[in-house]
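Could you have a look at this structure, given as structure tokens, before my questions?
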Amino acid sequence: MSGGSVHQALSVAVSQAVPLPGSPAAVAPTFDLHIPSQLTLALGPDIVLFVGTTVLMLWAAWRPDSREHQSNVGRASLALVFVTMAAVVGYDLAHVTAGPGVIAVDAFRWASDLIFLAASAGTIALSIDYNAREGILAAESHVMVLFATSGMMLLAAGRDLMIIFLGIELMSVAVYILAGFNRRSARSAEGALKYFLLGAFSTGFLLYGIALIYGATGSTNLTVIGDRIHLYSLAGTPLVTVGVALILVGFAFKIAAVPFHMWAPDVYEGAPTPITGFMAAAVKAAAFAAFLRVWLEAFGDVVYQWHDAMWFLAILTMLAGNVVALVQRNIKRMLAYSSIAQAGYVLVGVVAGTTLGASAFLFFLAAYTLATLGAFAVIVALGDAGETQLDIGDYAGLWTTRPWLAAAMTACMLSLLGFPIFGGIGFLAKWYMLQAALEASYFGDAKPQVELAVMIVVTSVISAGYYLRLVTIMFMRPVRADGGAAGNAAPRAGHLTQWVVGVSVALLLALGLAPAYLVSWTAKSAPVIANRPTYLLPSSAIPPR
Amino acid sequence: MLFQTAAAVAGGAAPHPLSGTAADWVWALPLLPLLGFVLNGALAIFGSAKAGPADPSAGSHDGPDAAHGVPGGNGQDDGAHADAAHAVPSQRHPYAWLVSVIGPLVVIAAFALACMICVAMIAAQPTTPFIQRYFSWMPVGDLSIDAAFQLDQLSMVIVLVITGVGALIHIFSVGYMRDDPGYPRYFSYLNLFVFFMLVLVLGANLPVTFVGWEGVGLCSYLLIGFWFSDRANADAGKKAFIANRVGDFGFMIAMFLLFANIGTLQYTEIAAAAPAALPAGGALVTTVCLFLLLGCTGKSAQIPLYVWLPDAMAGPTPVSALIHAATMVTAGVYLVVRTSMLFSIAPAASLTVCVIGAVTALFAATIGLKQWDIKKVLAYSTISQLGFMFVAVGAGAYVAGIFHLVTHAFFKALLFLGAGSVIYAMHAAYHETHSHEDAQDMRNMGGLRTAMPVTWILMWIATLAIAGVPLFAGFFSKDEILGTVFARAQGSALSDASWLGIPGGALLYGVYGICLVAAFLTAVYMTRLMLYTFHGPNRTGDAEHSLLREAPAVMTLPLVVLGVLSAAGGFLNDPSFLPIAPADMLGRWLEPVVGPATQQITRGGPAEADPRLSAILATVASVVALAGILVALLRLKPAALRPAREPQPAESKVESLLSHKYYVDEAYDRAIVTPTVVFSRNILWRGVDGLIDGLVNLTALISRWLGDSGSAAQTGETGTYAWALVLGVVIVLGTVALRI
Amino acid sequence: MLADALFFSAVLFAIGVVGVLTRRNAIIIFMSVELMLNAVNLTFVAFAQVYGYAGQVFVVFVMTVAAAEAAVGLAIIISIFRHRHTVNLTDINLLKG
Amino acid sequence: MRELLLSAGYDHWILTVLLVVPVLGALVVWIGASALESGGGTDAAGTPPGTAAAARFARWVALLTFVAEFVLSVGLWWSFDPSIDGWQSLISVPWITTWRVNYTLGVDGIAVVLILLTTLLMPLTVMGSWTSVREKVPTFYALMLILTTGMIGVFVSLDLFLFYVMWEVMLVPMYFIIGIWGGERRIYASIKFFIYTMIGSFLMLVAILYVGFHVGGTAAGQAPDFSYPDLLARLRVTPIAARWLFGAFFLAFAIKVPMFPFHTWLPDAHVEAPTAGSVILAGIMLKMGTFGFLRFAAPLFPSAALDPGIRAIILGLAVTGVLYGALVALVQPDFKKLVAYSSVSHLGFVMLGIFAFTQQSVQGAILVMLNHGISTGALFLLIGMIYERTHTRQISDYGGIARVVPLFSTLLTFVALSSIGLPGTNGFVGEFLVLIGSFRTVPYHAMLATVGVIFAAAYLLWAIQRILFNSLDKPRNAALRDLNWRELALMAPLVACIIWLGVYPAPILRRTDHAAAAFVQEVEHGSGTQRPSSRVAYAPGARP
């Protein structure tokens, strides 16, 4: 490869990465990923974030721990996230594409990245206030969030199992650390330990699955795997069967699908609250992004094998998550189970396995991320040092003392419940997911997934039991004699926390009223990965049930 | 003219003979009393708001009650402390004088208008009803119900009775109720009643009639419970309304049946369509008529729905006279005549009317024998007399029925007003001495003829009339009923039909026999009433005896008028064998209305019985009546009675059964009211609702139990979690592999 | 040859799984996990015999990642030991329900 | 008048304005009240004077907004042309284009009548709450205003997505109104209300999506179609599917109505809600259920609605509701609960009328909906007034108060009589039409329902006897104040409506005539291949 051609490709890419107004999208560049320089370009935002993170890591370690240093590093991290966001938006607007290779350059990736980055920004902003209050001086916490975010971006980009594995590990290792970041808390450490051990355990299964698929197809590239399974009719062979099952297990663990969810409540409860929000929102979303890509690009042909398992997992997850959440008293734990249940809903989008399913999936993740972030931000805003007031009873009468926070929490709860207008975008997400379930035609017989749709709504009714209970407690019960979280008169929420609450709830509500752009954005972002012709098999090719 | 006047036959080119006459003002008939209601009602609600606290002469204690026109308890009782405190009875409503003008005046005006219309009608001799249509009330698809009035000979007669007798009773009320603090309220209700009664009678279709039908029920409810602070009064009002509602159920179902089968509810159209659409004697028309009959038994207090009327005596006595004797309770009779085109082609239903009437007549008369409350006696007498009317209309003697309705209005109104006059005097006397004796119990009366001679004489006239003593009004009407029933037993549509397997002819003879017995008993209990009230020694009490005096002229004057009518009213329909007045006036007058139906019953034969037979039957009836009076005079000893406050001699079993009204109220209570309440409370509310709620809560409990179990599985031990993970691996592997 | 290698690695993996399930000491469990990872490495290497270098590259990645995990994991275990003075997992159950 | 309004483009903007005005009012209340509250400071007694000012401000703004809303809806009433078929004041703007969801509004005669009922009752509830709501006043009125948008939205939405959104929007403010300003067991009642309603509506959501796809097509890339006129024109599902879909709609609406046996949330909600909540709940929100049957459930799935088995069940439940509600009302010790059960009874009539499928019964059902709103609304307002004075709803705590509070007694008796269905009042016309219409197709059901008319008299007369009449034996009742001018003024329109609709209901009947005819036609003939309705196309007079 000559230097000239590299220069040429680079200049073309650079000149068109920032599109001129009115320039037609047709001239968007296509990266040839076999050329290292173009591969580097295709990884642009990831590299920006990673390099920036490394620099910040050094800076964080350079100066002794102090309140200001923690805050400064946090603010710098925020800036870095926004820069990366800008880059992602630029790439998205430029409509760049890529040839075959280890990473994908498509709208789905950018859409997912934006969700992760938004969650990281929120998490970092919350962490700055939270760390200050809890006396956590180590500035590295923000850097760890950034590292985890880098891993997530890799996950969204990866079109090769190797890249995906790297992404998962980069993300997970950083989150293991974050989960136990509050070294003064035994709970935090316990959560981290459980997360770490079980995470590593599940990684073993994932890896073994990858190895078996590699053995069956001779490749770790998703496109190649998909093509070869189709070409050589590998579906149903022992290697592919076991491989798919084990990879499914690996992802199911990361997204906390029942029965692989048991780590989640403990870890969510133990981790520092902003990190809990980060795990519930971003980590889960990233795992889902990779999951969807792997499943649709590589395993489209074996749909009839994994469909039932995943269908079953989805139903189990929706049911168990919601039912167990009903009896939780600790608000973080309740939200943990709630996030398990929400994962069940997202799984429906994967089970649907259609373009619409993928769009709904993205839309749902966006809505879910906003609502979860908002809810955890409110918890951070109401927390005291040491976080002793996490029982839902502590929120009694919150409305009388902190009306705006109560209203924000209500919006988030109603959003997670899937209520229109007052819950903003939440209802639209659920609507989209139901749409996907009902439109889905699997096995070529055009049978909609009515059972899943009904399950979504039935479990949603169950979920009203706990989402509404919190609202009821906040609005309809008097402030407790000992005050609880509502009784603490002094406003402890830092400005950044208030911003996170405000922005996420405002977005939640505004997008609920005017969702047209978000809908069309997710709709256009999805089809790129879910357009395999092999996916819709003729019904004659289907083995009988 | 204000309203569009349609010819009776839609599209008829020729104008109705009545249009352009006073009949054009028929709309004003009900509107006049309605105006009275509005004005008096306004006075009742707002009238003394200014006069109350601002008027220094008004006592402090009568402020809230009098101010809003609501009496505190029994108005007469409340007078007690009022008199003690003030020389003038300050309970009297500040605008009572205005009410005394408005209340009677609107009804008198309506009566005058009715007379003018009647004159016009006599002149025009219309053969079809005069229908005035105001606006479309319920135009829905093929259902078209107009707000329309229909004036024909039948409604004319009843309108005259309502407004005429009504006007007299209004005037009487001025005297009777003047000192009641709820005076304006009383008159507004009374005016409203007249309005609804006129709507009932004038309605050109069943729904408009139904408006009046339920409206009079409402007024009855309000007036029975007029002194609502006494629980019994309020209970009685409610009982009347609900019993009537049961009847109204029948009325409504009859309407539905008619609409579903002939598509109209207008009387003229029903009459036109019925013969073709409803097979004569068929199940359908019989069903319609039976449901109508249910409605009539409610309104006219016949078995099985008569129970409310005796209780209704809780209202002020003029109300009993107007509503529960003269007008409202006869609405059932009116309705049967109004729908005679249906009843005449449903012989089985007609016979049912007959049987119910006869049984009720006898049944109520027996109870009347042993009542002590003067108004209760009259109430059972009313039920009994209504039974006679039912017998008449059931036997197809529509003219006789209406005739008895009219004469009964005269003499029963007189009896009630007379009783009212007595009660007024008794009450005034007890009031003076602050005694709490029962002013209505005959055992506390006796010998009143010396104190109240006018009332005494007039009541005797009415008694002779109701007993059927010749030449008094009741003689003619009752005799006509008996005669017609006897005649119908042979050679009529009814005699050939059968009722529950009994031949119609035999049945009608039986009815005739029962009616004779009832007539005998009527004479007995009425004479008893007169004897105990006016004759023998006085039992009121030593202090009170001297205080008893005749009512003022405003009350006695209406009595006199009614007395004249009771004595001479019979000549309205003078039978041909007794040529005193123009023969059969009422019959000829009503011919255009009931003619076709009568023809249907008699199969074209003469409507009247043979004059010779009539004369014989009349003689029999007269003998029975006189025998009844004689028996009572001989057997009853007023001197032996003891006042109600003293211990009474033991009753025989039969007497006890009669004085307890055959325990029907108790039976209804045990069989219907209590079980309904208990069933609703324990089975439906606590049971079914509890079960549904229990299931709902159980679902929630199950969810929580599942949640608790799931939560318990979360032991906190990493080992458990690893096992769960591996279990999941097995499940997933199994599911994926088994799909191969 | 390939079959033998695959069988052997599967057995190794199973031993690792059983170790995780049966042991209670955090460090030993972590070692069992490492055993599983190495079993996978063996599988990759065996397949690399058939398909070429990609499997071996993967093994290098896995080893690197495992090293990083080990560092983090041991740090976490030390952290918990400071709080609880034990690394026996049956004693570490503050969080449950 | 109609020409004048149309020349101002009234039919273009009126529906949107009706939806927007309450929201703007709510914003003004919220912002203004917040400003007043924060500006007031705290006086010596510790009560911030700003709160009182904010409450006053909120009341007046809410009242004026509702009056404006009422005036606007009267304009809608005038601009509505009863002589033409189809939708009027139609407007359709793309909202979420990707999903083919449009902001489509339009009214037929039924909607116009119910909108007018809503806007009539709302200012009265504000006046009824004038002194009884004392805490968090601005929020209370803001929620009422938002609730109004939701309720009107349900009536005017012609897009199923929009309809569903509005349907759910109603729920939250009412949940808060019951839960915050309610009685002792308010939390239980509000959650029960919320979850009960949600169970039904979520299943309806699935059904809505299903029909949307069914009409839009299930092939990839084809968006579902949620336009109601389109659905009416083109929806064809198999009888089995129709049954399931109808079932989903049925559940949502039957819970809202509420039909026996889905009614148990109602007594709790009614009893615990503050007066305004009870009035709105009974007066308007229950009508959403029956409106849903009229607008959606039956016309969309005529084969299911006409299915003998399903129809037998619904009619059976309707009649059961009539009798059951009446009988249980008979034995209630709590007056609000009594009225709640009477609602079950009255709404049973509505359901009977709708599913008898005759012109008379359907128009009667619409009238009963209207009448129930007026009469029961008035009853709840009156109960609220007396409750404000005595703080008890137990019937046994009253007795003989007619002599103390004659104005109240007169009004209560009058309203109760209209609820009983006395001819000459509104109650009669509706029930009569329902029954006479039903009798043509389902005579035995109609007969049984007529028995309910008897019970209605029993339970209400018994109750008012125990409250107003008998002897005044509770000393504390002797000092009751009678109604004041505000209370009289707010009852006056209701009394006027009771008489007007009883004597001259023709204007209502004229306006609902075409819609009811279209409904009957759609159901009776809609299961064939050709959709006969006049409502599938946009009205000739409307300008989209």
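In order of appearance the chains are A, B, C and D, and numbering begins at 1 in each one.
We adopt the following convention: a residue touches a chain if its C-beta (ideal position, glycine included) is under 8 Å from a C-beta of that chain, and two chains touch if they have at least 3 such contacts.
Nothing here was measured: the structure is a model prediction, and the numbers come from that model.
Remark: the per-chain Cα centre closest to the mean position of all protein Cα atoms belongs to D. Each chain gets one centre point, the mean of its Cα atoms, and the points for chain C and chain D are 64 Å apart. Chain A and chain B have Cα centroids lying 79 Å from one another.
Each chain gets a centre from the mean of its Cα atoms; for chain A and chain C, those two points are 26 Å apart.
Chain B and chain D, compared by their mean Cα positions, are separated by 38 Å. Counting only residues that touch two or more partner chains, chain D has none.
In chain C, 17, 20, 29, 89, 92-97 are the positions where the chain touches two or more neighbouring chains simultaneously. For chain A, residues that reach two or more other chains under the stated contact definition are 193-194, 197, 201, 265-266, 328, 465.
Contact between chains, using the touch rule, shows up for A-B, A-C, A-D, B-C, B-D.
Remark: chain A residues 354-356, 414, 419-422, 427-428, 431-432, 434-435, 438-439, 441, 446, 448, 450, 453-454, 457-458, 460-461, 464-465, 468-469, 472, 475-477, 515-516, 519-520, 523 touch chain D in the complex. Taken together, the chain A residues at the contact with chain B in this complex read 193-194, 197-198, 201-202, 205, 236, 241-242, 244-246, 248-249, 252-253, 259-260, 262-263, 265-266, 304-309, 312-313, 320, 323-328, 462, 465, 543.
Residue ranges of chain D in contact with chain A, taken from their complex: 95-99, 161, 164-165, 168-169, 171-172, 176, 179-180, 186-187, 190-191, 194-195, 198-199, 202-203, 205-206, 209-210, 213, 218, 220-221, 224. Listing the residues of chain C that touch chain A in their complex gives 6, 13, 16-17, 20, 26, 29-30, 33, 36-37, 39-40, 43-44, 46-47, 50-52, 54-55, 57-58, 61-62, 65, 68-69, 72-73, 75-77, 79-80, 82-84, 89, 92-97.
Interface residues of chain D facing chain B in the complex, by the touch rule stated above, are 192, 196, 261, 263-264, 267, 324, 327-328, 330-332, 358-360, 363-364, 400, 402-404, 406-407, 409-410, 417, 422-424, 428-429, 432-433, 435-437, 439-440, 443, 446-447, 450-451, 453-454, 457-458, 461-462, 465, 468-472, 482, 503-506, 509-510, 513, 517.
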